[in-house]
């Protein structure tokens, strides 16, 4: 079917939109089961109250807040990475950016939803809008997340316009839908100029917003006076962790779609090697921050801080803490130092490990502090119930479903960018490369000379 | 692709401009909301400085976003009508 | 397809409307005696607090004791069934099982006596034109929300004679305004 | 404007928990039931904590009744997203149940764990409850209010009678019940009041003073000495 | 503007419908609990009442709204608690509204344990028929009345009923009868009314295991005194020493906790006495002038007797004492020095734990310290507790049937043989009923007691109950005992009934509390006191004549007339008025407050109590009503009892055996406690110590969730019962905190949660006697009887612990 079009070269990219196989329905059915679990769990929670969770006094936050931080962290996959790659004009970005951006948008919905799930009175959530107060970091979150969400949607949408136009022209179905979203794209010079300029602005704008989002998420904890929360490096620490988990999520998504949609031709081992290297750097950076954070706490040695510290190191939370160290540092380092062979398998292992590890990291930040209060209370051990597991499973499934549905409407790899890469990219890179080098173009030299 | 103004085409344009309007409404709503929060904080003497401080960052960001959106809408849609 | 969308949309709207209406609709209240406020207030020139005595003495206005009704109605000839019922209750010594119409949420502290005796707010301000009723109201004449309380509290100024005396309530309320602190009313 | 505060003399306190139960009865604090209690969901606005001997874990050194400390700079009110908890002009840290959305941020932020959550709907209105205090629905945070409904009533009475609130006219249920009279409640801004006088005692200290929360519940340590202060 | 924005945002979130529906559901859920016909705030009435959750006797103010109770607070005028309360008082609200309360009388329906509701008239006629029948058959004495923890006119009423009906078997099932003077006080001082403890004025308190601040005579009264000891304007901080194998909340509050080998308190007391005498710190003047038997002496026949001094110096050297008690010599010396130098000092042994088989001599040893430091009859020491000047009731009319019945021996044998000194012996009741010795029991009344749950011999009692053909219970609940009954005539709870209270053991003042019903009765229940009067009336004859009051409040009124006519004491009044009265009364003036008895009665009902605040100026002689008119280290009273018993039963008679045998010679009459030889740990290496929680001192009240939720302050446990184990002991057994363990004794085993608690001797484990849900320590306690109190020994059982 795709072969009869001139654009048959990128048939693999159109295939998921044009054809829907039994596999898709199977996956959707499975996802629905998980979502149903989550839905039933939420209904029960709504009827009975948060009592159906494992939360109690003093551990008033548990899985939901962990999930919130985790999902918002994952969202950094996308927009931030794609923006940096775009700005740095890394040519290997072309098949990567779209997938990254989609993750961001989808996961932000899920992440923000966690807070609603966590509320004791979801029926009163409008109170945040009617009576909100900016002294609360929760409102900072609301603001920065909505900014990030808006920006991410725009940033996902803008580079998609030419692709939508292609779909509009190519597909027979959903004509109105694509026509509307294509915004009358014809690929005229003016349109290209406008779009490129807008994308460039967005790429710059989205980076500080993304950084702010996770800093603000960390502020939820660090603005309190609680031991091991009240820390100045929490902002950057969370951002680093977010990018770390974001890259891992991106890699996992890429590998899944590569396999499922047969995109081996677009996503080559080299992409994964680059991303793997990025992951390695982030792992080291994450380790540095973790080390700095815990060393500072340990060296200071205030009793309250140490209570939490030891609860993590040797106390009831040791499996989580050391599990986190293993999955976030040891395994990634082992997998990623040499990527010469079995690149994809290694990168996948490392990424999955990091996803688990970063979730554990969020958990190990949220729960031990709460279960070791300053005053002599009974220390509570928190263990989630089926409701919380259900919400976790449901959230992941919902995210996967959103993503999957997206791929059924829009190409998961930017078609025009690939084409652009083929058509103008090569030449452009060569020219650009020359300007980097000492024996650059005459004009450049002249300019340099003038300045001297 | 036909250049005639067919019925779905007109509808598409209406929806497109509607989308732009929605964006304006949405970001306008957020900006109004922020100002509402400042006013509430002021009335309750509840740390209006925090609200103002955050609004100083948040409002321009949202306005910039709106600017980009409108710029794209105007730029792309405007091109076709020429 | 479009029809379906339309149907779904309509159902949604209907559902919404139903939900909101269901929330607003309050059960109507039937009283044991068809008490005419109009006769008592407009014809007999009684004040509200002549019968609703506790409004001046207590936080809750309560209901007038049957003995109070009987005090007059024992002497007056029972002209109709309703008046006979009053007599019957009075003679049996039982309280008339009046049912509540106005009620505030349990989390609100509201003192009738402060509003009636100190602030001298007219009963009708909150209760509506009760004096025009021939029959007991089936539901509150006015629906009050928190904004009504706050609106009044924000605008309210103490009468001069009280402020110049410099008595306590004014100082508590910090100036000429009454308190708009949430904890003044929430409990 | 009054500044309500409390002094708790740890030398007098016998850890009998009369304050705890008095508070529960006064404020319609629900008993959560055996299953919930085992899960650690007991609601106890006033709670008698036991401090252990340093170096001898398990050996209780002293009892420490802990209500909400009504900090002058409360960490909990800063984080409330909806103004359900704030410090009112008289220094009482409020909890407006009708406004609370149940995000439990204030619970996470309170260094004294003085806030409690209604994990379920633990009770309905029933005889035996105090009609001056509302019964909390599920999903909201609640805590010690310094029995502020007593202030509402006392003030209402005073206002109607056209006079100032008399000292001692408003005290909390725990202070009223304490058999050892270890809890003294009153106006800290009135230098002549018992509570202000005791707050100036050399034995006075505040919980986690170093956090800068400026609690208005002041403790008096145990120790030798003469007289009450 | 607001509406637009809101609507817009709702649409945006796609939450509009959801929110509306959600709101709808929640609003409905919240309204469901509201009774739509209820008026928010009906008229408020405050009624004084008396707390009946423990024998403390605190005055309450009950806030009622249209007969519904809305709160409990302390009665500020009441002299016992002065407006303060303990945690239990608030449980009263939940007791009243307990959903498990019986709604009306029940009669057995077929086999035991099955019931059908009956009308009161029918139920009462069933009882009357049975009682008349038994009396007609000359079996009046086979009716037994088991009474629990109460006092005052309800006790008077039952006593009168038993006497008029003709049964000697009015048996009280209480392990701590507080109305009687302690045996040691009776034997050493000859007193017949209880002693008062002037805790508030003492400067040093030494308590041998008494849970002063938890479940002693009255926790509120004691806490107030303790607070005064600690901090008062006019004197330095007093000292408080607690001797206890367990670091109880009282011990935590003490300046010194002395962990002791259980049951060796008497030896420690004698060791302290040794140190006092050796260092010459005892009150020589008091000892010389007011005591007998301190120095060696010769009797009328010229035979030499060893004095207390020699005994102590010879037998209770500090090293011996230290070895036996586990208390370091240094500690003994320090306590003795404090005791000898800080005045006034008060030593408390009464109502401590059961000290073991030699309980009487232990208590005598402890009490002798009070004499050594001269704390008898002084401010801050032991005082005589006066009697209330209640109007005497006319003598009971006893017809022939009654006289015949009363001529019979008591079923429990109290007052005879080995139980000569016990007023009731419930411990042997089960065995006697089972063996029909000396006669079978044909009817059993259970009032305010639940022995099938709260007594060590509960299993035997259950079997004994099976033998009794007719059991009437007055319990408001279907508890372990009442479910065995043939008829349940539920009593009101204490907030619904007329009642009085006459508290003993105060700081020298006398007090009569009166309560009228605060709440309108919730169910078809009746005040048992009224029911007794109704029964008497129905039985007719001399019984009706002896109990001729219509209602219980008539009896109370008749008794209170005595107070009005006593020309002393006052109906409680605000502090200012009261202090003026005190001053006047000390100078011998007394101003009547009321014109008539009716005024007096009304005021009593409104204020809640009458009291005589003036501590009677009692001379030390008045405190010593022994034959020697002195405090007797050598109890001539005990000697006389033993001599009589020997005359009656011979040298090996049961009473002498119960005391420890004649061969101990003079040691029998001196406070001499044998130093136990070291025991091999054997099969059961641990000692079981049972204790009373502040929140649950007397059992019952299973549905007071507030108290069950936070029953103890020293261990965090909720609802369930637990066993306290020292962490070291637990480590040896491999037991972790909150793990299930089996506690096993020779009698049985129970499964409890282990709580590791460092505040204990490692060789002792502790189980609260009453508490939350779960098996009871009564299943472990050996059925050893304390012959002087007729109750089981609760602290002498040995146990072992295994992981469950």
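Note that the chains take the letters A, B, C, D and E in the order they are written out, and that residue 1 is the start of every chain.
Throughout what follows, a contact is a pair of C-beta atoms (placed from the backbone, for glycine too) under 8 Å apart; a residue touches a chain by one contact, two chains touch by 3 or more.
None of the values given here were measured: they were computed from a predicted structure.
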item	value
Subunit A omitted: connectivity of the other chains	one piece
Furthest chain, CA centroid comparison against subunit A	E
Farthest chain relative to subunit B (centres taken as mean CA coordinates)	E
Core chain by centroid distance, with centroids computed from Cα atoms only	D
Pair of chains whose C-beta contact count is the highest in the structure	D-E
Separation of mean Cα positions, subunit E and subunit D [Å, integer]	33
Cα-centroid distance, subunit A relative to subunit E, in whole angstrom	68
Where subunit B and subunit D are represented by their mean Cα positions, the distance between them in whole Å	47
Computed distance of Cα centres, subunit E from subunit B, in Å	77
Touching two or more other chains - residue numbers and ranges from subunit D	42, 50, 83, 86, 99, 121, 125, 135, 137
In subunit B, residues with contacts to at least two other chains	26, 33, 40, 46
Residue list for subunit C, restricted to those that touch at least two other chains	59, 106
Contacting residues of subunit B [partner subunit A, same complex]	1, 8-9, 11-12, 15-16, 19, 26-27, 30, 33-34, 37-38, 40-41, 46-47, 50-51, 53-55, 58, 61-62, 64-65, 68-69, 71-73, 75-77, 79-80
In the complex, subunit C residues that touch subunit D	59, 105-107, 109, 111, 113-114, 117-118, 167-169, 172, 174, 181-184, 186-187
Partner subunit B, residues of subunit D touching it in the complex	83, 86
Touching residues (chain side subunit E, partner subunit D) in the complex	26, 29-30, 32-35, 40-41, 65, 68-74, 81, 83-91, 93-94, 96-97, 213-214, 219-220, 223-224, 226-227, 230-237, 247, 249-250, 252-253, 694-695, 705-710, 713-714, 718-720, 727, 756-759, 773
Residue numbers on subunit D that touch subunit A, as the complex places them	36, 39-43, 49-52, 64, 66, 75, 78-83, 99-105, 107-109, 111-113, 116-121, 137-141, 207-208, 211, 213
